[in-house]
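Presented below are the structures under discussion, each in the form of structure tokens.
First subunit A sits with subunit B, and in the next complex the same chain sits with subunit C.
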Partner chain A sequence: MSRHVADTVANAAATPEKEQPFAALGLKPDEYARIREILGRRPTSGELAMYSVMWSEHCSYKSSKIYLRQFGQKVTDKMRERLMVGMGENAGVVDIGEGWAVTFKVESHNHPSYIEPFQGAATGVGGIVRDIISMGARPVAVMDQLRFGAIDHPDTARVVHGVVGGISFYGNCLGLPNIGGETVFDAVYQGNPLVNALAVGVLRHEDLHLANASGVGNKVVLFGARTGGDGIGGASILASDSFDSTGPTKRPAVQVGDPFAEKVLIECCLELYAGGLVEGIQDLGAAGISCATSELASNGDGGMFVELDNVLLRDPTLTAEEILMSESQERMMAVVKPEKLEAFLAVVAKWDVETSVLGEVTDTGRLIIHHGGEEIVNVDPRTVAIDGPVYERPVAYPAWIDALQANSASALPRATEGDELREQFLALVASPNLADTSYITDQYDYYVGGNTALAFPDDAGMIRVDEESGLGFAIATDANGRYCQLDPYEGARLALAEAFRNVSMTGAVPAAVTDCLNFGSPENPEVMWQFMRSVEGLGDACMELEIPVTGGNVSFYNQTGDQPIHPTPVVGVLGIIDDVERRVPSAWQDEGNNIYLLGVTRTELDGSAWAGTIHGHLGGRPPQLSLNDEKALAHLVQGAALEGLLMSAHDLSEGGLAQALAESVARFGIGARVWLNDIIERDGMDLTSALFSESTARAIVTVPREDDVKFVGLCEARGYPVLRIGVTDGRDYEATLHVQDVFTVPVAEIRERSNATLPHYFA
Partner chain B sequence: MPTIVVEVMPKAELLDPAGKAVAGALARLGHTEFANVRIGKRFELTVEGPITEATLAAARTIAEEMLSNQVIEDVISVHEAPASGASA
Partner chain C sequence: MRVGVITFPGSLDDRDAQRAIRLAGAEPVALWHGEHDLKKVDAIVLPGGFSYGDYLRCGAIASHSPIMAEVVDAANKGMPVLGICNGFQMLVEAHLLPGGLIRNDHGRFVRRDQMIRVENNRTDWTNKFDESEEIVIPLKNGEGGYIADKATLDRLEGDGLVTFRYLGVNPNGSLNDIAGISNERGNVVGLMPHPEHAVERGFGPNTADAMRSGIDGLRIFTSMIAKVLA
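Here is the complex of A and B:
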């Protein structure tokens, strides 16, 4: 086999008629035409490789850009107060006080995780962690938002085992606690599971780093793992001289991660930052060197010269195009002042990390790449990284949604007898989406590092940032695809509201948002409508709650065959807590505490877990949402937490009051006596609604008897609806959940049912 | 008893973290003569009775479908072990 010779710029200019495989690389004819127009000639095969990956939906956000702008527009001055870095960088950065900042982001790794669940999920964790490192921060926690197919489908176990194994392998090896997340099973995710990964890092304000290549003459350095043939399945077509031979590609489409290499890279980067040795830094993820060089150059002085022969290769047979597109993991690119290069190289050598100087920053406004002594790329980097195509795709109101919304759960039969309600209660407790997920989360390390203040199964994860002051952050994520299917606008608002509520329940004050918007194909006008409505809903709700979106990710083309997934906008909310000592856990701690229900219950069973589990029903409209009530509830709980009045606080969401009670008793084996008659009388409803309705802005809290008067006074002063609905009573073997005049269930039975579901299918 | 040997290697293009770790360790221990290490798997399938074309075919099938992960690994060999081989 003769060595592949890269297409040169001179060659491209001389052979304008040469046919190029743009369609096989995912470019549309008009996009290819535009590249020719930008360059004034045909692209070289290297340039075509760069444009094709950077103009892909994944990298360019070409279908979502026009909507995502809202997140930058729907902002108030208050929302900007804590925001140090907003959207558009590798991750948003939030000032949490005392000179500390937190950076966080959630990203998808859905498609690789279906093809190769273990490595797909593992490299998803690795990728998001590198985003955090590139902001100058030390990663301190991860979380994963998972959606799998039906729990009893034969292929689901393959995906679950791989994904959970991959996440725990990578995260545990890195020594990062996994402090929460979501696990949902639904047939709509059968051929397209969702694997979203979130990471959080902390830094001192002065350590903030950005991805830009400024300072003419500064060196461009690639360091970390060597570049190999990972994830370049698509690029191999460029390597064959005759593009009509469309045989199966030999190059693998997935990447293999090495968490130990990443751990070393984290420590190496932090030492480089501490020494002030880098001017700009960028991690290498999707689109590899193509992305890093074009983005760094675009965000800096606009020019860069790169000698591609200097890239250290794991596989010497890689062609120039493959090197440009390789998605080998655990690599970073830094911009270093020439006078600091020696010190930089010394630090990198100390950590046994391989490094090569690829080139330097220029002021030519061009990204020029040489290979084998020839110029193979000569482009304006902005045309690659920033000014990609932008589409206003057709949007169509889905005709089916009217019928879906008309089909309300109010028509479903409701139980009135205690025995039947007891059975429904236990059926929900054991249902795949409400059952205990210890089978999964026990595979993750969640206390490593010694700063975990709260973790699964609390409403939110919490990490201590400052050991002296106790300053910390809480983080929770949420997305209810069923609600979003019924109404994507309200569904996105509800996802934000629940994450906001979860964080508030811990006593923390919500400060910022990240999102991972998982949708079907943007070429489907109905999906595009769902996306448009979700982004509008999220943007409006963020403005109302006055917390900004700091960054995130869009994942399109999530579908099984032609069937798109439910819209799944995963929303993460980060909150600040002055002292993690004052955190409020979500489960009951002790006997003899009064149980209060905060908020009003309405008959809202549409889209509920009750409708889905008991009746296999999805229809109607999601619960109504008042963000003012959510804010009032958050302030109330934060205020009560500050005064030390709360033993526990647990938000009510999927499964309603029933599920919140089940989780509260099951955690520490503390029983309770609960009465529903006051709720039924005050809010006017039936037993089924009182137990299973999913009305928003509600929580149950436990208060020691001696603080009763103070607590009720606080609620009344703030005008927030409060009802004493029970008292914690009994522990361990004798503990029961006694719902007066309805049913009694031993806590042991609740635990048994809840704990059995996942192991039954996967253990 | 006759034995069929199946050998599986990580795909050449993909990173082999374990192999890389061993290569690094060898270099640190002074064995600089080895440029690279890759670690694969070897399966020994003991067969009841003689090895026929059919048993070899069955071995090839399980090698492709069960003993290896085709997304990240290649089956590089399925062969009959020498009668009194080292592995007997």
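Here is the complex of A and C:
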């Protein structure tokens, strides 16, 4: 077999007219022309490979960059207080006090998860966890935000089984508790499911690591799994006609994960950090070695020399271009001082991790890569990693949105009789997006680590960081694609508000935000308008709530044919709690407590679960949002939690009061007597609205009778609307949810309906 | 009183086991699979996880780790040894306990708060329990189905070597609802549920009393301490 000969720099200079497959690699003609201009010659095939992956939408954020800047601009001094590392690094870092910091980020792995659901979802977890490790942190929790097609579509089970199996396999095997997340079914995601993965890590302030290659003469070391032919985006083109046809062809574009290798890599990295053996570190994710070398060099002294022959290969027939582009998992690149190299190699050997020294840091300002003794790459690394193209894509107001917003749910028929309301209540409880998700979450380990204070189905997950003091964090994510379809600006604000509310319900204080912005094609001006409005909404709302965006991810091209998904900006909020002992759970555990509704209910059924499930309707305007009210509610719940007045606190969102009541009784089998007449009288509405309206800034809390006066006094002192709407009553087989003068449902029946839906389709 | 916890590549619950030992009142000692040094411990815990990625068979590669020679030797001399989940799988692979563990009958990983019954309270790891006491211990495994041939099962049942039995739900298809077993001497015990996750209020399994309040697992460790100090 003849060995593939790489295109050298000298060869490129000598053959300027050689045709190159830039279009097949995803580069536009003007982008290719720009590369030639930068280099003053045509790129070598290796350079072309590097530019094509690093200038891709996924790596360069070329369509979103001009909008994402607002997250860095819309900040106040208060928002900077806790921010140790902001956007642009592998993940943001937040000071949570007592010398501890938390790093967290959410990222998409949508397209691989449709093609190969199991590996796609598994490597999604793996990738985000490596981002966390490369900040110097120990990963301590994961969660996933999932969107699938219609639950009864024949292809949905394939995707659900693969995705859930992949997350379970990889996350459990890493020993990371899975503490929350979202599962939504909607036909708009049929040909394009969303698999977002979030990871959180903790570190001491002094352990912070950044991805840069500084110190001329320092060694560049690649360690972890060997480099293989998996995950090569456009490599099939590189490896076919234009080049040597005897090389490997048509490699799978989806990476294959090995969680065992990643677990060992985590422990190995933490031991390297503890020994002070690493100057800079970067994980290998999208664009593999191309990304790691160019980013490390750009962020450091500006130059690097790499001997590509030193890369340990799983498949010796890989070409230089494939090695540069491979997205093989479980690899890290470190910058190590020469005098520490021996100690570094000893730690890596202890963990049986394979390592090779690829080259060293230089001050030439050039990233130079040799292969087979020849120079195949000679570029300014900043032109690859940082100064990629930036587009101001055309934006157009969607013509259809006025008609959609005019089609309000207020025209839909509303039930007034108890029997019909009972049926609608149970239909919502059993609907795919409100039903119990144990079928999925029972496959996730939330015990490992021994620090999980709260996990699904509580409003937020919570992890203890310091065993002595009880310091911890809470985290929740949200996104309502239906609201965003109606109004992407308000929808993004509502996603942030709900995650903020969920975190606040636990007694934690929100401190920082991460986001994963899932949209259709940026080349569609209407999608670009949705994206622009969502980013504006999120940026404005963060400013109002005074919590900064610390990092995240954009995923475009989520569509089937010309049909984009609903805009789905997943927003994660992280909060701090001084002592997890004081956490407030969301469900009821005891009889005889008073149930209070906080906040005002309006007739807001547009975009609601009721409109969708009962009437198959989507139209109108999403619920009003006052972030001042959200802040007031958060402060009230945090204050009451601090005084130990709350037995539970549960936010009201999809499905309204009815769904919150159902979840509260079903969790531990505690019944309740509830009356709606005071709500109806005070807020002026009908039964359907009282039960199913999705007005914001609301929660139900339970308070022991002896603390009633104190609690109501607290609400009144803060001027927050409060109504006693019931009492918890009856447990186990005697438990019922009795809504006075409307309907009575045994808790056993609620559980049965809620628990049956997912197993019916997937078990 | 020193209790060793062996870390293998892919061990996950090793730090949790160390915490449980500390909360029970002993000093946890970290041991490394690649060494031959038990560091003068009085008892040993093989923790849960996915040692070597569960390649070949769960626990199979780890059972050949250098330190396992010393573990087998110490176990045969009567040192208390506990294998939790992946640790149970290693004990079986190392022939310190009979039978085998296979993929759950439903094919999925399962995590649940599991009710089990203490069938034998005379082992080194169960002497603080009442006979037939019912306890709640978190369970989480993909390959926890206990199997053995009929002769072995008859012997385990006849000699009272079934230490723990699943109650209510058999979560993985284990024969005779077996959740854990011991050797005849009662110093070596293996079980699939994770007692180290039921040692601290606020972080344990749900009980009828309150969510996350279960600490039944703590007595597995205090039993061992009582035995060593006796």
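Going forward, the second predicted complex is superposed on the first by the 752 of 763 C-alpha atoms of A that agree within 3 Å, B and C clash if a C-alpha of one lies under 4 Å from a C-alpha of the other, contacts with A are read in each partner's own complex, and residues count from 1 in each chain.
Assume a contact is a pair of C-beta atoms (placed from the backbone, for glycine too) under 8 Å apart; a residue touches a chain by one contact, two chains touch by 3 or more.
As the structure is a prediction and not an experimental result, all values here were calculated from the model.
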Partner chain(s) touched by A:Asp258 [first = subunit B, second = subunit C, both, neither]: both
First (subunit B), second (subunit C), both or neither touched by A:Glu116: first
Subunit B versus subunit C as contact partner of A:Asp186, first or second or both or neither: neither
Partner chain in contact with A:Ser328 - subunit B first, subunit C second, else both or neither: first
Which of subunit B and subunit C A:Asp315 touches, first, second, both or neither: first
Which of subunit B and subunit C A:Asp301 touches, first, second, both or neither: neither
More subunit A residues in contact - subunit B or subunit C: C
First, second, both or neither for A:Glu581, with subunit B first and subunit C second: second
Which of subunit B and subunit C A:Asp7 touches, first, second, both or neither: neither
Partner chain in contact with A:Gly450 - subunit B first, subunit C second, else both or neither: second
Common ground on subunit A, meaning residues reached by subunit C in one complex and by subunit B in the other: 258, 260-261, 352
Of subunit A, residues touching subunit B in the complex: 115-116, 119, 225, 228-230, 232, 250-258, 260-261, 314-315, 328-329, 352
Subunit A - residues contacting subunit C, complex: 165, 168-169, 172-175, 258-261, 263-264, 350-352, 442-453, 464, 467, 580-581, 585, 587, 589, 668
Residue ranges of subunit B in contact with subunit A within the complex: 10-17, 20-21, 24, 69, 71-72
Residues of subunit C defined as touching subunit A within the complex: 9-10, 12-13, 15-16, 19, 34, 49-50, 52-55, 108-112, 138, 140, 142, 194, 196-197, 200, 202-203, 206, 210-212
